[in-house]
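Take a look at the structures listed below.
Shared between the two complexes below is subunit A, which has subunit B as its partner in the first and subunit C in the second.
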Partner chain A sequence: MTDTSPLLAAENLVRHFPTGKGQIVHAVNDVSLSIAPGETLALVGESGCGKSTLGRMIMALDRPDKGSVRLLGKDLARMGRRELHSARRSVQMIFQDPSASLDPRWSAEAIVREPLDNYRIGTPAERRDRVLYLLEKVGLRPDQAKRFPHELSGGQRQRLGIARALATRPRLIVADEPVSALDVSIRAQVINLLCDLRDEMELSLLFISHDIGVVSHISDRIAVMYLGRIVEEGETATVLNAPQHPYTAGLLESVPRPRPSQRRQRAPLEGDPPSPITLPSGCAFRPRCPIAVDLCSHSVPPLAATVPGRRTACHRAGETTLQETSHV
Partner chain B sequence: MTAQQPFLSLRNLSVGFGPQGAIRAVRDVSFDLEAGKTLCLVGESGSGKSVTATSIMGLHKPGSAVVTADRLRLDGRDLLSCDEAQLSGLRGSLMAMIFQDPMSSLNPALTIGFQLREALQLHEKVSRKAADARVLEILQWVRIPDAARRMNAYPHQLSGGMRQRIMIAMALICRPRLLIADEPTTALDVTVQAQILWLLSELQREFGTAIIFITHDLGVVAEIADDVAVMYAGTLVERGSVHDIFERPSHGYTAGLLRATAEFVPGEESLGRLEEIPGNVPSFSMLPKGCSFVDRCRFAAPSCHERTPDWRQVAEGHDTRCDQPIDDARAASALRETMI
Partner chain C sequence: MTMSPSKTFAAMRSARPGLAVSLSLFALAVVILMAIFGPIVLGSGNGLNPLMRLKPPSALAWFGTDNLGRDVFVRTISGARNSVMVGLSTAVVVLLIGGTLGVLAGYFKWVDRVVMRLADGLMAIPGILLAIALVSVLGGGLVTIIIAISVPEIPRTARLMRSVVLSIRELPFITAAVSVGSSTPKILLRHVVPNAIGMLSVQATYVCAAAILSEAALSFLGVGTPPDVPSWGNVIASGKEYFRLAPWIIAFPGVILSIMVLSINIIGDRLRDRFDPRLAARKAS
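What follows is the complex of A and B.
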């Protein structure tokens, strides 16, 4: 294995759900992404843009209609049950709502131990030690090991979810909005914890979030999704400081900033995101786009490299007008 | 009283639930709000923001809450001495409230037009035709596209942002002078949130409505507030103008919240580590002795464990409930410590 090969590579993923009324929800439309070892990729977008569906396909919790997910070079869809079981050991997930993803009848200790039992990792004594080590790592006290989820605060529950995800020594963690249910004063604690553990254990992280502030702190690269497609991708600081896609620009401009002296003069983007059932023709962002031209209504812009390490799906990317619409 | 009375004035509002109101969810909250201004009530979940708001509106179930105050006056009326019938008359016409989830406040079986008309005709004697005209007008005010047709739509046929616009329309149709908005944009996407915030401030300019805006999002506060009141564990810890609170916070909790917020500022390098507020919010049954924030405060002195701090003025219109208010010199030295 060489260091340059991606840990995870998703290619041309498509996932559509039938609504039961003969309609189709276009959740994910032709998405490709890759994550290198030790890298944190943030998947950003508004509700319904397909970011969680994408995360679930990467976790092999859902099968793509088209396309492939390769973990350490191996296609998940071609794996048998046993092979998939052992592959899952290296990909673990942290969920948004810790109370919904922890069994209320299990103690903290039992919750963290379960993956170790499941994968038969170590002897019973070693498992016990590992559980205590993990609880300590995420900042839970030894006396909290016997507690049940309802006896812990929201922040402590999320720490427990992180300990469980780390139990099998995964290479990649998919974190789906892991701090958005937490209060601000607790959020910072959990973000710092995730960053520390990632650096210490050389983890890769797919961080799914709608919070630009959090993403700017935690990620190396960022992929912006809109209606099932990645519209822009690149190194975090470059994308956030000089967005090339008008949606990214509008999204960034919409984030309220804790600076009362820098108020916006108007809402940056008009309209609502269209429904993923009836997608507009051409570029899905066209109905809200301030710089759309005729071409945008009949051709879907491909996600193409604009500069090295940077991809944008916009017919007008690179034109000077686009730079002007982005904020300074 | 020499000066004119403020439009809304609260002094030592306390709210208790349970037997004899033993669980004191809100303790000694005092603030004023001028007509046509926006006050943001900021705090984390369980800090008592919503309970404070529902107490002003008189929305507690009869017998469920014990509300006491030295003063609770709105537009010259003593709300505490109003009976349910009087309050009911004031709700909608003088004061109105919108909530986080519009779907739970709208009736799914009735059209938008019907529900808006009902809200209007409850308070004003107007004909059906005149009511429809007013409904159409307010729908246009809240920027519902194709408003005439949308009057016949049902709530589920509208997007989340549109539904929140309908709620705003319903709250404002009788031109109340106070609007309480309880996390109205929390369930919305940021691009839609920006539209709603902009709409609210536009309507405020037009109608002169005073707004109490409840939120946990400091970015939203910076965007819309004139004044800010910060709540922690059921009580108010700091109040002042939005510039005072963001630029010169004097309470340890306010300062901690501001520094713990992950923000992205274009062109600025993001700091590697966020500053944490250690520990957890205490529950009402286990409040520490003295200041409620004492166990998490980096500036706490021994005396802070002894007594509950009184209000003290740090500047004109800027008060803090802290015996060791942060001054610039002390904040700077504390910041140096964290750098090392």
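What follows is the complex of A and C.
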């Protein structure tokens, strides 16, 4: 995990949004993460936990209030316009809603060509060939090149979005809920496509999702976010099999299972996350936590390494095995 | 050979707007031909004929005559030139200036502050009053009237474009364009403006129609085109005192004015549909 040179490293990112009434939305609070070349990191959490804001900061679409995003060691915030433009080439994004993220007036061909034109990749003839190559790569037919987004199905649109993201040969792709707007029946196809392309092109992938079930198939590591903080991070298999944070355990419990009678004996999540405007004192998860103690209400648990390659932000991590905290 | 009910219905639906648009285009073409050739063929219709005062429509004078014995038909045809010129020129001027300001204000916050405060100031003054003031400062003439009608219309169009652009710039495909490295001018010209053009074309027809009405109002109030140059406004104005005696003086130019405005609006709606591929697809299916 602690690679010599991470492709992307976010350090102590903070992003607050002022509301109109003088209040502050604490969207992202002190988040650090890194992605190694070729690695897939899944960022998981409920909606509103700040995972998309984090993604936007990594894409340099939003500026952090504090902290830095370093791409190959270079701080995005300190780059000039030219430098940022060329840095963007190596980080591309796949959006949640394929219908809204494709300009309705542009044909499929034009959409995939846009990044090629922007970075003057190849001659115009080579660009045309590359567009067709990319469309084929994501499973679209050449005759669909002239179509407009509304003439494609939801799955085809997301394939188009993937083709656009691949056009500049990026090193990292940020996929912000890439399948949650799609029909369940085609989610697997799109995810498999994404995985195949990732392996073939040796991409790093930041996979943002609220669905911990989807993530388990594709990611090397998982970072679980709650109210703007990462609460647990580690190798996918270890995190899923033996969660150390009660929130992770609760999320896993909320994944539907084929046989509901075989419920694992874990505390399910109850209630809603508190408002990011008025954060609870101490640990943000405390009001919903089944194993909270006094300490949790006045001190924020740091994200500390419990075992090498594993970090958990819980005062009671390692104290209890969460499987035992039966709530039922 | 029977068509299924849904097919028949679809055919009817697609035929109807076609008919309305064809009629509108026809009406517009007639008015534009009137504007070009009317004054050449028929003259200005300024010939006074005291014997023919306030005569109802007849074979001699199709739209009747006014209080000075002038042929209302000839004056209406000749008046089309002024009205069409004013309408089209104003639409072009307002769209270019107001549209550009609106797009910039919608996309750049600092432009927004300056432009919208100026717009607020201009919009606080009633349009016709402002136009009258401008005409009296700049002196009479067609160009002056176009400027005078454009100035009050510009803030309205700028505001509309601003709000359209404000909503477009928040759409994910703009974010996507930024993330694939498109420059701001490219995003404005290739993504924002094309997606606002539907709104803009509807606004263009509205401005064109409103300008024709404003010109009529200015002429009606006596600050527009001079009385010896006929326009729909001053023809209607000349009939206002004789409305009960000779309603045709107001009725004919009034009806033509209405048809013109209606036609422009119908064409505007059609344009909006054409520019929006999603709507076009719905119609085709």
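To be clear about the criterion, the second predicted complex is superposed on the first by the 311 of 328 C-alpha atoms of A that agree within 3 Å, B and C clash if a C-alpha of one lies under 4 Å from a C-alpha of the other, contacts with A are read in each partner's own complex, and residues count from 1 in each chain.
Here is the rule we go by: a residue touches a chain if its C-beta (ideal position, glycine included) is under 8 Å from a C-beta of that chain, and two chains touch if they have at least 3 such contacts.
Just so you know, these numbers come straight off a predicted model, no measurement behind them.
Asker: Counting residues of subunit A touched by each partner, does subunit B or subunit C come out ahead?
Answerer: B
Asker: Does subunit B (first) or subunit C (second) touch A:199, or do both, or does neither?
Answerer: A:199 sits against neither subunit B nor subunit C.
Asker: With both complexes overlaid on chain A, does A:75 touch subunit B (first), subunit C (second), both or neither?
Answerer: In the superposition, A:75 touches no partner, neither subunit B nor subunit C.
Asker: So in the superposed three-chain picture, is A:269 touching just subunit B, just subunit C, both, or none of them (first/second/both/neither)?
Answerer: It touches subunit B, and subunit C stays clear.
Asker: Pick one for A:65: touches subunit B only (first), subunit C only (second), both, or neither.
Answerer: neither
Asker: Identify the partner contact of A:83: answer first if only subunit B is touched, second if only subunit C is, both if each is, neither if none is.
Answerer: After superposition on chain A, A:83 lies in contact with neither partner.
Asker: In the overlaid three-chain picture, which partner chain does A:129 touch, first (subunit B) or second (subunit C), both, or neither?
Answerer: Neither partner.
Asker: Overlap of the subunit B and subunit C footprints on subunit A, residue-wise?
Answerer: Residues common to the subunit A contacts of subunit C and of subunit B do not exist here, since the sets are disjoint.
Asker: Report the residues of subunit B in contact with subunit A in the complex, numbered from low to high.
Answerer: 44-45, 159-162, 189-195, 197-199, 216-223, 225, 242-243, 246-247, 256-258, 260-267, 269-278, 280-281, 296
Asker: Would you pull the subunit A residues touching subunit B in the complex into a rising list?
Answerer: My answer: residues 46-47, 153, 155-156, 183-189, 191-192, 195, 210-217, 237, 240-241, 250-261, 263-264, 266-270, 272-273, 327-328.
Asker: In the complex of these two chains, what residues of subunit A are touching subunit C?
Answerer: 59, 61, 85, 88-89, 91-93, 95-97, 100-105, 114-115, 118-119, 148, 150-151, 161, 164, 167-168
Asker: Across the complex, what residues on subunit C touch subunit A?
Answerer: Residue list for subunit C touching subunit A: 171-173, 175-183, 186, 191, 194-195, 276-278, 281.
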